[in-house]
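Each chain gets a letter, A, B, C, D, E and F, in the order it is written, and its residues are counted from 1.
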């Protein structure tokens, strides 16, 4: 009883704060400050049509580097938590209910899903999307494959290699930015050029970085899901 | 104007779904309802001119999170049996 | 055989890329060719999806004909559903019947099952060897031959030409 | 020319959304889960398809600028591929869960053959 | 009033969403709830198309493809969970 | 029609979702339900942030032909604020990481005690 009363009190105070915030909110009518700078100069400085991508990969690319590091750490901690003992590793569990139609349809769909993921991260500077979304779509394709054949094993070595190589390459491109451009992870390299605005090969190194981020995120999320799927074996 | 009407409709649906997610006793129903909340949130993001965020929410917030929830539920069911 | 698989998959993926980008610039097409080659070699090296497909002009013409038949059936299905749902008495007589097919190719069986699902009043529940179990919203005949004649035969004779 | 195509597109959009609404009514009125999946899937597939075709026609004026047609085609193909599969999987799960068929059902051939290892052993939720 | 047809279509889509919600709340078994979920996602797919048309941005349709695929995957996951095959 | 502005509606829905999520976290006793409430709260906060960046009558910050038509080649008057969107993009991905970590913990806890009721986990209570 007392607990319910306290909960109601906490919620009411939050509600009061939010009501005040809501009442004093004035909708914006103009872009101000740094947003105006990005909107005005983003296309000419970075060359990306999608300004969100310009902010994520070029103006604030340190954030992105930190973000993929966080995902990597999450994958590492989860694989530490859900580590199987040797006898569980070889256990076979019976998966029920996979129909032939789902198997065949997944064989047809998976290449198309992977293609769409690749399209999303290669065109990240022109259309909505980018590395994170593309990586998530690729991981969903892997999930569809697991759903169709539950006893399929994902090759762990391939995942680790894809992840490490793409991570290292991102850092190398960042260091190239110090040498050829204005600083670490600068996407406008001298001599590389920005390309024609609105085409696939434009915007400096943004498509390259975002493709690598996409591969890395796809590998990391596949790793997390693979760990969860394997943990079903644990007794 | 028309956007606001769509937003109000979808917002009411989202709130009902959120309350179902919290009050329902069955865990699987709660997880599905939370997934529906995320999916409708992605329509709202699209209305508010944020297609990047909408795509991320649909792919990561709704799809993959729901999948992990179901792995855990399946594990719990298997250990209870 | 494996080469045919990869080649057909390559064409399908390239078509998807062209639909998505919708541009005929050289660099975009080259990029698409590269991606399709990598994906088809990587994912379709072991798949058996396009084994039995016939790459002859006749099969091509038949697939167009199949598409037309299928679309007509789809519209008929919709009118049928509307009639059943909106009439006050709901004239339904559901049941699960068994039909038989002679198709062996996996792709053809997928297309057949999906077509049955989308045509008037029928719905594939289970597919097992050469038997399909179909939920029929208005059962006309519950023996195997009659149901096969009513549900499967119109698609099967076209699919047999497309997938030898 | 443009006006006519736009008008046809509007008619398509209306038919499509009407089909979706039919699916909704079927969802509410049908007696058991199998019939609900039936009406729901069929009408909503055609409804979504027709709406997308109609919207593609309605955006005829802007075809030169951006890629409307290709993206709508991708969507239509995608729906045609995925929708029957997902509802088939759902229906199969319902049967495996042993949800009873409605009283109107006249014949159930699958039940007679079920010993024939057709469906795996069902498990309750 | 910019376009009366769009208004009528949107009203019909809202009715469909509402019916899906009712089936979700009422449905006696989990499968009924998933059918309601499926119906709602397909309807909102069409709604995304309408929003893209209203905003005159074709690029919004990319979101619709992702949305459609993830809802398909969600239905399959729940179905396999029900059958105990995850 | 001041109250019917889209930005305000988004803000209101976001706040209500945050309150519903808080309610779930405080009131529920099942760990999985608490994590579900956490995801709902997360969605609400993301909605609030995106709604703060919305400007009425403008379109997405992706420059192509249709944007340039809208504002006669003056992009700054046609697009919404890109910065909150970039932040929310990061927030969603990290939210996924946090959710998966929480669920891994929940699985471990369930394995240790064979229950999900949070009242049973009182080993560290004094």
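Rule of thumb we're sticking to: a contact is a pair of C-beta atoms (placed from the backbone, for glycine too) under 8 Å apart; a residue touches a chain by one contact, two chains touch by 3 or more.
None of these values were measured; they are calculated from a predicted model.
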item: Chains touching both chain B and chain F, listed by label; value: A, E
item: Chain separated most widely from chain C, comparing mean CA positions; value: F
item: A-B against D-E, pair bridged by the larger set of C-beta contacts; value: D-E
item: Inter-centroid spacing, chain F versus chain D (mean Cα positions, whole Å); value: 31
item: Between chain C and chain D, centroid-to-centroid distance (C-alpha), Å; value: 15
item: Averaged-CA centre spacing for the pair chain E and chain C, given as whole angstrom; value: 24
item: Mean-CA-position distance for chain C and chain A (Å); value: 34
item: For chain A, residues that touch 2 or more chains besides their own; value: 50, 52, 96-97, 99, 101-102, 105, 108, 116, 120, 127-129, 132-133, 137, 140, 143, 224, 228, 231-232, 234
item: Per-residue multi-chain contacts in chain B, two or more chains; value: 3, 5, 28, 47, 49, 51-52, 54-56, 59-60, 63-64, 67-68, 71-75
item: Chain E residues counted as touching two or more neighbouring chains; value: 6, 18, 30, 34, 55-57, 59-60, 62-63, 65-66, 69-70, 73, 76-80, 83-86
item: Chains grouped in pairs wherever the two touch, ordered by label; value: A-B, A-C, A-D, A-E, A-F, B-E, B-F, C-D, D-E, D-F, E-F
item: Chain D contact footprint on chain C (complex, rising order); value: 16, 18-23, 74-75, 77-78, 81-82, 84-86, 90, 92-98, 113-114, 117-118, 121, 123-126, 128, 131, 133, 135, 137, 139, 142
item: Chain E partner contacts - residues on chain B that touch it in the complex; value: 2-3, 5-6, 9-10, 13, 16-17, 20, 26, 28-29, 32-33, 35-36, 39-40, 42-43, 46-47, 49, 51, 54-55, 58-59, 62-63, 66-67, 70-71, 73-74, 77
item: Residues of chain A defined as touching chain B within the complex; value: 50, 52-53, 120, 128-130, 132-133, 136-137, 139-140, 143, 221, 224-225, 228-229, 231-232, 234
item: Touch list for chain D against partner chain E, complex; value: 10, 13-14, 16-18, 20-21, 23-25, 27-28, 33, 36-37, 40-41, 44-45, 47-48, 51-52, 55, 58-59, 62, 66-68, 71-72, 74-75, 78-79, 82-83, 85-87, 89-90, 92-94, 96-97, 99, 120, 122-123, 125
item: Interfacial residue positions of chain E with respect to chain D in the complex; value: 5-6, 8-9, 12-13, 15-16, 18-20, 22-23, 29-32, 34-36, 38-39, 42-43, 45-46, 49-50, 52-53, 56-59, 61-62, 64-65, 68-69, 72, 75-76, 78-80, 82-85
